[in-house]
Amino acid sequence: MIKQTLSDRILNVCIVLVISVISIVSLIPIWNAIVVSITPSYAQSLSFSLLPKAIDFNAWKSILCSEFMWKCFQNTVVRTVLGTALSLVLTILTAYPLSKKRLPFGCTFNALLTFTMIFNGGMIPAYILVKNLHLIDTLWSLLLPAAISSYNVVVMRSFFAGLPDSLEESAKLDGANDFIILTKIVLPLSLASVATISLWIAVMHWNSWFDVVLYINDREKYVLQMVLKEFQEASSIDTLELGSTTGTAPTTEAVQNASTLFVIIPILMVYPFLQKYFMKGVTVGAVKG
Amino acid sequence: MKLNDTTAVKLNRKKQLSREIWQNRYLLLMLLPGLAYFIIFKYIPMFGLTMAFQDYSLKEGILGSQWVGLGQFKSLFSGADFPLVLKNTIVISLLKLVFGFPTPVILALMFNELREGPYKKITQTISYIPHFFSWVVMGAMLTSLLSPSTGIINAIIQMFGMKPIYFIADPKYFVGVLVVSDIWKEAGWNSVVYIAALSGINYEMHEAAIIDGASRLKRILYINLPSILPTVAIMLILKMGGVLEAGFDQIFNLYNVAVYDVADIIDTYTYRMGIGQYQYSYSAAAGMFKSVIGLILVLITNGLVRKMSDNEVSVF
Amino acid sequence: MKKIICLMLTLVMALSVAGCKGEKKAVSNEDGIISFTMMGNPNHPTDKDTETEKWIEEKYGVSIDVYSVTASYYEKLATMLASDEVPDVMFINEPQNWQPLVDQGFLAQVTKEQIKKYAPRHFAAINEKDERIWAISSYKGENWVLPKLMGDEYGTVTVWRKDWLDKLGITKIPETLEEFEAAYLKVRNEDPDGNGQKDTYGFTGCGGATERQFDQIFGAFGVMPGQWIVENGKVSNGTVDDRAKEALTLLHKWYEMEIIDPEMITDTQQTYFPKFNANRVAVINTGYENMIETTATGASNKKNFEEAHPGVKWEDAVAFGSLPQGKDGTRGDWLWGPRANFVVFGEQLSENEEKLGKILSILDDINYNEENAIRAVWGEKGVTYDYIDPEVGVSSGLKFLAPYDTDTTARSSKGLNGFFNILTPAYGWASADIVRQYTDASIFETKAKLTEDTKYVDSLMRPYLASAKRYQADLDKLKTTAYSEFITGARDLETWDDFVKEYMAKGGEQLQKEAQEFYDTNMK
């Protein structure tokens, strides 16, 4: 190892300091949510508190004991896993050809792609389409319309375009076709970008709720974000049609925060598993090997 | 080989094209599912865009509704508040671009300097957590954090002997709150793509630079930054497409009567105008206006980037 | 190249033409059983095929298909309508939400005669409440919708921190504006919570709300901004009334005296109680029933307060008073008035009176029959609900049993709450007569006494005027902004006349004209 100079060390310390501060600031939302979720409503304070003034797990109990929540959890996981697999394959298959300058009509295809990124027809034509395809109330209605995001394709494409052409040429001489080049050579070198795109897709699926409003009528098929939305809407009703027709207490802050955490913690767990693909040298090592 | 080339020149363009298609048949085959997807799920519903030129009736549909030409745009632009909301949209969105766009790049460069290990892994994960909180939750939290009486920020301000500031209800500070809280929520998340780009850097370049005695900062600036510039450029072009999206969810959950003058944007404005009244043509016109501006800016940025990178980097 | 693009465009065209219209839904009654689709109240979700749904289906010999939409209700409704999927029964909030549907031909007309014939009890209840409701449920000369009713509506009361008043030596609960001011000043300056800091305020308000922006203060001056006023046959707008200026003058004075919590800009009705509980304000305005221990909300408020203030008993800490009185004893706050939301029917029912009649009679029978209403809203006694106090019985009221009391999803899995009783009045769970039997009579008496003479109801019942679509949103923004600026002093009250001029010029004038016409034709 080469010895670090003084200025390098100062820089290092500065970076560690800044990152630490950023991490602390980034922890505030989740910390606050945790504290509120275990604080009984009489001890809720008007301001941010570092520690709960009293502890009670009723909010968590009501969420974790709710069959409906687990049903929705299951739906969300199924949707996210299948959706990510489908979207990832389609995104790669679309992005790779588009990254090749030799693709006939490449320019037209790319322009068409960019156009869809900026313009969209809106929810009414989308609904009519999904309905005419007879996808209402099916899992497909959540997977197919969201299958490819032009944004992801553009990013994936630019990653592919950054790989040296020489790799492909030598494989071509060995008689490999484009499918083989993609799966055997290009993908193993693009693990970091594939990981990024999978993360984006997975999070998009995990967080979607508006397509559930439109395409799903059966509450048995709801996803978690939809339940969160329901809680939020119910607690913001204060005009004429009061939520508490029957005098039931409104959803408490603790329940709202506990359910938010219930929804986001599983998806937060995904990133650490992907991080190994972001390690320095993974890609380079692959070239050498 | 040589013979083939010369015959190729002689072939007319049609034949050349079919030959190109045949040569790249696998590429085209790969593209097929994506192409079908875009036609079915993106281009067919695209006919909804015509709503912007109609007085759309849910009953009559797009084929039967009355055409009004640019009528919807006229009523959008002639709204008494429209100049103000357009100005606010541009100001907020530009400030977010200027401050919000570089932050994740810098953050990624910093993360890249950390040694591999638990500290790097944990801090990276933590930095992207706020992205997962909705603006409803973040909005409520910000309001309490920034409260002049009970908020933590104002407690710190008062420690320095200054007067508390009602950030959320003060037009002087509100846009700042929007920009900073947007960075707070999204910077970590947005840095992921740059971290991925940085992981592809050839370490041999660094080794060579170290032997030449280049300092760490120099290596960041002259090796790391240039090598992720193509990604940065692509992200910038993509960002330009939504330049008039100043952040409806964020503003809707944070703004209040005291800051309407600086915080009312096109989206909140059209929302107020059309709420629950099925005015889809009006919203479509507003959407199309935003898209056209976005498209123009994408074209400009794309052209600039293409020129500066000698045709190497561009979205199309 | 050209060919391919051409081909693609043709394909797109062909598919989109096919895609523009959905299939028409069959309206036939299979096997003689009437089946209908119902899109109920978004605040009361229900699952499909719940016990309650089956109970109704069996009892009335029908088959119901439910659409439970809990978020983005009108977006979902619009997409369904656009694909010709019109529910037979729909919940709708306000006239501005259903009038466009009439214009576009999505609704079946329901005449007063039909309502009288098939839903006689509801018809009678409307007429008893206020016949002018029919003016709001009519559009272009015909009755289009089934109006829902308001239950027993009372104004809010003033809830005082009695322990603070005692400490400050105020023995009489303040009644007039002057007495309120004196008490507020003491609260502000004499540290009633004894923490040594000047951090207590008199009260707070929803500084940016369209309706309840310090409504109780305006009420003391005899005017309610945002409501139409009819005086001697002339319609005027409360927002630009001179009496509103007087109220704003006082509010500005109070703001300067630091009586009003400066954070009123971001406060909402949801933050009232937390602030009361956190020793920040001496007074909140809320419903009487929210602060007494015999109701669910009241009990939870009491518990929260007592846990947060050890040693202080709820009974000693809370005193109820009426709203502040202005000159001549004027007082009051914003009330919604006799009319509530609406139930509308899909256009396919216009040629199927049998079905429409059947649906009307079911809705009527659920809401006006005690047993049915309880079954639809509360479920089974001992399983999903019980009396609040079993010893007292009926008059103590009803409550859900665990888990149905806190878990909304448990309720929706049984189809309970207000989805099927779509005629439920606001502030109630069945017709007002039934609800009254299930409420402690003494609560009613106290409430009635505390809110005596406080009736600020829109004289025109909140009509949706022809130009409202064009002007209302801008006007509301202008009003809330200007009012809050007048209060904080960001805008000088000297400029009141300019505000009025601007308001009238931006559409206020036109709306007033239309309101006058509406009054002359419908309500004289």
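As written, the chains take the letters A, B and C, and residue 1 is the first residue of each chain.
In this section, a contact is a pair of C-beta atoms (placed from the backbone, for glycine too) under 8 Å apart; a residue touches a chain by one contact, two chains touch by 3 or more.
What you see is a predicted model, and the numbers here were worked out from it, not measured in a lab.
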Chain-chain pair with the highest tally of contacting C-beta pairs: A-B
Centroid-based (C-alpha) most distant chain relative to subunit A: C
Chain centre separation (subunit A, subunit B; CA means) in Å: 16
Distance from subunit C to subunit A - Cα centre to Cα centre, in angstrom: 37
Separation of subunit B from subunit C, taking each centre as the mean of its C-alpha atoms, in whole Å: 38
Multi-chain contact residues (two or more partners), subunit B: 17, 40, 43-47, 58, 62, 147, 280
Junction residues of subunit C, two or more chains touched: 1, 16, 19-21, 78, 82, 93, 280
Subunit A, residues touching no fewer than two other chains: 45-46, 124-125, 129
Touch list for subunit B against partner subunit A, complex: 17, 20-21, 23-24, 26-28, 30-31, 33-35, 37-38, 40-49, 51, 58, 62, 107, 110-114, 116, 119, 121-130, 132-134, 136-138, 141, 144-145, 147, 150-152, 184, 187-188, 192-193, 195-204, 210, 215-217, 230-231, 234-235, 238, 241-242, 280, 283-284, 287-288, 291, 294-295, 298, 313, 315-316
Residue ranges of subunit B touching subunit C (in the complex, touch as defined): 17, 39-40, 43-47, 57-63, 79-81, 143, 147-149, 166, 168-169, 256-258, 260-261, 264, 272-273, 275-280
Subunit C-facing residues of subunit A, complex: 40-46, 54, 62, 65-69, 105, 108, 123-125, 127-129, 131-132, 209-210, 213-214, 217-220, 226-227, 229-231, 233-235, 237-251, 255
Parts of subunit C lying in touch with subunit B, wherever the complex brings them together: 1, 8, 11-12, 15-17, 19-21, 74, 78, 81-82, 93-94, 96-97, 100-101, 104-106, 199, 207-208, 262-263, 265-266, 280, 469, 473-474, 477, 480-481, 484-485, 488, 490, 506
Residues of subunit C defined as touching subunit A within the complex: 1, 4-5, 16, 18-22, 41-48, 67-72, 75-76, 78-80, 82-83, 85, 93, 211, 268-270, 274-275, 277-278, 280, 289, 295-297, 300, 303-308, 336, 340-341, 377-378, 397-400, 403, 405-410, 412-413, 417-418, 424, 426-429
